[in-house]
Amino acid sequence: MSDLNAQAVAKYRTNFLKEVEERVEEGEWVKMCMQCGVCSGSCPLGPFWAHPPQEIFMMIRAGRRDEVLTSDSMWMCTSCYNCIVRCPRKLPITHIMHGLANYAHRLGLAPKNQPTRVFATMFWNNLIKTGRVNELKLSLGLYFKDGFKQGIQNALNMQKTGLGLMKAKRLNPFELFSGHGCKDRKGIAAMLKKAREIEASRKHFAN
Amino acid sequence: MAKKEYAFYPGCSSQSKASASNYLTSVNSMCKTLDIKLTEIPDWNCCGASIGYAEGGELPRHVMNARNFALAEQHLPGQQVVATCAACWLGARETKERLDASAQLMADTNEALKEAGLHYKAEVEIRHMVEVLIEDFGYDALAKPVVKPLGGLKIAGYVGCQTNRPFGIAGESFENPMYLDKLVETLGAEPVANYEQKVTCCGGALAFSETEKSQAQIKNIVESAYDQGADLIVTPCPLCQANVEIYQEQINKRYGTKFNMPVTYYSQLMSVAYGGSSKDAGLDGQLIRAPKLEEIAKK
Amino acid sequence: MTEIVATNQTILVVGGGISGMTAALEAAECGKQVVLVEKEASLGGRVSQLYRYFPKLCHPTCGLEINLRRLKSNPRIRVLTLAEVTGLTGKAGDYTATVRVSPRYVNENCTACGACGEAVSSEVANTFNYSLNKTKAAYLPHAMAFPQRYVLDPSIIGTPEADKAKAACKYDAVDLTMQEETLSLKVGAVVWATGWKPYDANRIQPYGYDRFANVITSVEFERLADPHGPTGGKLLRPSDGKEAKNIAFIQCAGSRDENHLRHCSRICCMASLKQTNYVREKGGEDARSTVYYIDIRAIDRFEDFYQKVLADPQVKFVKSKVAKIVEDAKTGDVVLHGVDTEGYHRYANAHDLCVLAVGMEPSVKGMDIPAEIIADSSGFLEINSATAGVFGAGCATNALDVNRAVQGATAAALRAIQVVNRVARAEG
Amino acid sequence: MAEEKKVAAYICQGCGIGERLDTANLAKVAQKEGRVNLVREHAILCNAEGVKMIRDDIANEGVTHVAVVACSRRAKTEAFNFPEVALARGNIREGVIWVRPDTDEARETTQEMADDYVRMVCAELKAMKLPAGNPDAGHSRTLLVVGGGVSGMTSALAASQAGYSVVLVEKTGQLGGWAANLHKRMPSHEPFKDPQDTGVSEMVQAIAAAPDIKVYLNATVAQTSGAPGRFKVSIATESGATTEEDIGAIVQATGFNLYDASKLSDLGVGSSANVVDQAGLEKLAKAAAAANEPIRRPSDGAPVKNVVFVQCAGQRDASGTHLPYCSGHCCNTSIKQAMYFKDANPEIDTTVIFTDLRTPGNGEDFYRSAQRKEVTFTKGRVSRVEATGNTCKVNFHDLILDDQNASIADVDLVVLATGQVPNSGVNIDLPAEEGAEEEGKKVVSILNLSYRQGKDLPQLKWGFTDSHFICFPYETRRTGIYACGPVRRPMDIVQAMEDATGATMKAIQAIENAALGRAAHPRAGDLSFPRVRIEGCTQCKRCTVECPFGAIDEDEKRYPVFNEGRCRRCGTCMGACPVRVISFENYSVDTVGLQIKAVDVPDEFSEKPRILLLACENDAYPALDMAALNRIQSSAFVRAIPVRCLGSVNTIWVTDALNSGYDGVMLMGCKHGDDYQCHFVKGSELANYRMSKIDDTLKQLGLEPERVATYEVAITDIERVPQLINDYAAKIEEIGLSPMKGF
């Protein structure tokens, strides 16, 4: 169990709802759900959720901490915002799902090789390096996430597309070496470091 | 009409040689005709996109966006920030609304921004290019410069998610937004009447991680455009454009379909209708070429 | 010019639905002078547009008949139709009400013989049937209309059609020179019973009421079931006139929803349960109803009605707020998508017809009402304005079933009587 | 009114009557056969000129009885409104020309129809008198309120504010009822966020301050006799002494009792002291508030940290063990009670376990407010509550997570939302001994009515004394006595106050009506009342038994004693009376009987049958009218007579009709059974029963049973009613004309 997780368990014991309210983005909304299920029905990847949003809200209230945090359900969110605009209680469901994913990821409870988790991590790390996304590195990274051999395979699958994009000047091979980026990378790094610290203190991630 | 000036936030994908570089090309050509001056926010950074949450978390995401706001306030005072990318617009607007709603968050954000020597005064307005076109110009004004009406083209207006929900374009419905169709009409083309996949999600960022699931979605989007006899699909969102265009090849492999449906940006249609060449409209940037559109451009 | 005798011991009742009629009748049968103002061309209000009541499944027109008989035999009530109260000034026991009366173009000579209706050819939307069909532009609002007097639709005034109507009338009842009048009444107390309107279903976008012919509202469904309705009482769906045998009911269509109406409209669950009986009554053994709900609110005595429907094998219940409706372009059927939250079962169910149990919105909402009248943020009137002599009644005060609306109206009549009796005592 | 009777008939030629009928002949019929003193025709009788003509005759010619031969009695009532004379309507528009084709072959039968209706209206008028009003009026203007809870206090205050004096009887030692035991009540106004004060003490003070409200505490109603306007009520006080009060009308606000929680052992009642009902929690909350302390669990007084609310405890029970109904307020009440804890200390865990959360109207805001305060709502069914030392374990089926074995442990307090049981006294519809013995407990009467038909108000369902009618919640079966509050149907305080005000309105109205000898709803304002030729009475008691409103008692000689104040003028007694000694001035065995006889019955060779249709004036007759409005045709052989209620149909009418050669008799009345539509309760049912008995008579006459037929008809049956008529006419042709003609 990660220290962060151990610390969380110690801090909140049985009160998972409280934990979610304090630590998860928009978590204070969870209690407002009235179990109508419109979110679950509205989700484009709905069929692939082991636990749809409204059920997750109920599980949180019922204190089913591990089931929720180790679930890959919220990783299915495509950020389409259908649930948000239809929710009769105006819960920011998309953000709560993002928040839960982020929290589970942070506690190290999220499924290890959950592809979206892997990609999202890559994406963020990619963008903070220069302040902007380096699409080539990102896609290559993605191909090779499951090891070199699979990577070549993936790359070959997309080869035609890749070449097409280059021909269309929508993919730049030289991004591998230079590519776009912000000038004030130092400032950005410092700013983000600070932001993480503040967030940790606000959400009681006392270390 | 007097020149309109905006602080421009192109976003990562709309840089030269990036996946939506043709979007940028066409936007520039469109703006030239409409006499819009876009000034790039100096040293702007990524918005975090819809997938930034998992590793980035809450405050860092907001801080990234706030940095752009601060830069805009500093270098382009008084100008509204205009994004062409749906995700950039959404991410930025989300940040703005959350900061406006929470003094705490605002303070924390500025505390972090200080590290980069910046301060956000909460003065910027965040808008999508489509808003600018519809609200600051209006369909009639957009029709005036049309020199090559797109007659004979049947176009499926694929609105997708992020210009539509949760904020959407003022006065539009989440389930059946009409602005793309109206725009298509304005340019002399025929909009697909009941394009039922109009607001279906293309999978967004999950197109990379949950390929199969996303491609099932994309298949419906393209299929329904074919069913309605569309010549091409038009979209306001770079990610939609990329997903729906790029994956047709794989979908064909996976499902044995024969998709070859061009997917363009509204700005490309406008550029052509306003007399731009295929090159001005970035049509050479299409993975799946749009012959009918190129023909009109040649005229 | 309309002549009305009214004093500061007169009670003004605004709204001629069942609540307003009740308040007026109870006060008048207690010996009070009453002026009853109705904005439509005839009395009866929304209940007269219902086919049956829950839980007895009896007919609202039965009660309307009794109330009309009470009214006809009571000289103390003055009825003004096509009239709206536009202003109210003064204080309890001494109000002046301004009433705008729109022209009917037909006077009291009318015998309801129907000649004018036969004479004109142009048609207008039949609002009594929620515009599901059309009626002649010279029409009797409905079979039990009181006053039993025809109306000329303003759209034909100044056209040859109007002249045809006039020419056809032997009783010189058609008066094309009628003008809008504004009356000023002195009254002691006011009962405000302007009722409710169905929530605008167009605004519930995921259900496509504005896009799909076979998505209708619960009030429209009542008209389909009613023998006086556009289909003569058959459940024929709008798209192709096919008899609907497999019908979906969506609860909380607009109610309990912060995007629409915050409140629960109270009656919709019972209304849909009642309407499943129509489906069985009209469609027989192979007719099916499916109710999509969040909570079934069959409150107090109505529980057994719910239990009866629950036991009906032809009725299915799904605990789910439907996410969206898609139309099957080929068949015209509507496909409901969502998740049954009891155990998480995903569904995509096709139905012949979908009925939206639309919520109750107070009629005063968005209307400009006299400042005297206090409404809460949902538009419902505060039941008892402490010092004032203006009292809400019926669905203008809350989302109520008929029984409770009538109770409230009876109570409002007494509150008004308290005021005018004070006046009477003061004046000795 | 003029001494000698002068009858005038006015025949209208408007609405096509003039074109379709020979009105001169109608006039002749009225003159020659109807023997009226004055006949006039008019082109448009209902217009100003026509009406003036009639008024002038009344003024100048001394006309006392007016026959308007024109449209239906339901039409043009404003025009044909002559309160100073006896008025009857001959319906030759809706009744004749609108239901007949305008063809040459139809002309003769249509004219015969109209002629008959002229004969009938003249005959009716002959037997009619303008009601003089009830000499037996009562003049007490005092309201009796039984029950001093919120409902009763509301009623008393409302009446006194309207200027009526009140006698308030409360069986306990103080006013306030259940509400007085509440810590707080649910909000009644925006923003519907927090519990509010009950306001009971303010009401108690207001009552004390009202000079015209006389309060009897520790008192009960020992006997109630008389009628509206002249009730004699003896009130038994603690001392044993009884005092008499003259009362005009009565409001019964006797509220409810708690459901016996000891029947809920599955839910831990009995096995744990920490399981209470909602009332129990109010007591704890009140005590805690008084001591300014947290709410403590009964077992050991430890502060409650974890509380579970179980909704529908012993309610909504289809199995028949517990209450079948929902008490309506309990969801909001549990929400309110959960807030007692949350408002005091947000750290306390509060869970509400429900199957359907029922917070109608703005209750939805209250529900949201509770969620905001972090009350947890769980959709589930509680199976068992186990006592675990000083805590409990609540086992339930979580319906959302589909978990059969869900449970909440370490619960300090379990609150059961049990239901309201109406405190409505004796169920007079049960046989006496059963009525007296309900669950072993002696059922005590509340009103102790000295009515022949029982001591208390009739009950609708499950002991609630509600009205049977949706449009008319105060349509009581005991005129002048109105129930309100939870005795009527389960309800919360807001509704009870509204209901009490409404009931008070009706009671005051009853007082006003009684003073003028006027009938109450549904025949409001009717001045007629039953008169009996007592010397003809055979003491058969049918009238006293069958009166739906308990209006008729019996004197020591077992003769009927009519209490007009209680009477609703339905005529059920008139229909019941085998010797026909009961009648109304404007509605009697003769007013209808003479009409039947007046009809010209052609001989058996004419091939023109005659069918009598007796139609209930509330549903069947309007349906006939509306069918006519839609120009739906029906048989020319039918002669329709509207009746107040099928219950008023005396079998003599039917036998007379058959004797005088009618070929068939149709009776159309309202639906009967559980969901009966008859506003006089049993009218159509009684008619059905009486007609079943008539079969023997038919046999004696050697007639087929089909010659008399009764139908249940709804006001919406505009297509069906003409169909029934035509089918019946066909049936008569099939079985042939009556052999009784020409005797």
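All chains are identified by letter, namely A, B, C and D, in their written order; residue positions are counted from 1 within each chain.
Simple rule for what comes next: a contact is a pair of C-beta atoms (placed from the backbone, for glycine too) under 8 Å apart; a residue touches a chain by one contact, two chains touch by 3 or more.
The structure presented is a predicted model; accordingly, all values stated were derived computationally and were not measured.
Undergrad: Could you compare the number of C-beta pairs in contact for C-D with that for A-C and name the larger?
TA: By number of C-beta pairs in contact, C-D is the larger.
Undergrad: Name the chain with the Cα centroid closest to the overall protein Cα centroid.
TA: Closest to the centre of all protein C-alpha atoms: chain C.
Undergrad: Between chain B and chain D, what is the gap in Å from one C-alpha centre to the other?
TA: Those two chain centres are 66 Å apart.
Undergrad: Would you mind pulling out the distance in Å between where the CA atoms of chain C average out and where those of chain D do?
TA: A distance of 23 Å separates the two centres.
Undergrad: Just how far, in Å, is the C-alpha centre of chain C from the one of chain A?
TA: 51
Undergrad: Which integer distance in Å separates the CA centroid of chain B from that of chain C?
TA: 46
Undergrad: Do you know which chain B residues sit against two or more other chains?
TA: 174 - these are the residues of chain B that touch more than one other chain.
Undergrad: Hey, what residues on chain D touch two or more of the other chains?
TA: Where chain D meets two or more other chains at a single residue, that happens at 357, 379, 400.
Undergrad: Hey, what residues on chain A touch two or more of the other chains?
TA: If we look for residues of chain A contacting two or more partner chains, we find 34-35, 54-55, 82, 85, 89.
Undergrad: Just spell out which pairs of chains touch, all of them.
TA: Pairs of chains that touch one another: A-B, A-C, A-D, B-C, C-D.
Undergrad: Help me check something: in the complex, which residues belonging to chain A touch chain C?
TA: 34-38, 40-42, 46-47, 51-52, 54-55, 82, 85-86, 88-90
Undergrad: Residue numbers of chain C touching chain A in their complex, please.
TA: It is residues 206, 252, 256-260, 294, 319-324, 337-341, 344, 346 of chain C that touch chain A.
Undergrad: Which of the residues in chain A come into contact with chain D in the complex?
TA: 17, 31-32, 34-35, 54-55, 58-59, 61-62, 64, 89
Undergrad: Give every residue of chain B touching chain C within the complex, in rising order.
TA: On the chain B side, the touching residues are 173-176, 194, 196.
Undergrad: For chain D, which residues are in contact with chain A within the complex?
TA: Listed in rising order, the residues of chain D that touch chain A are 357, 367-368, 371-372, 374, 376-379, 398, 400-401, 406.
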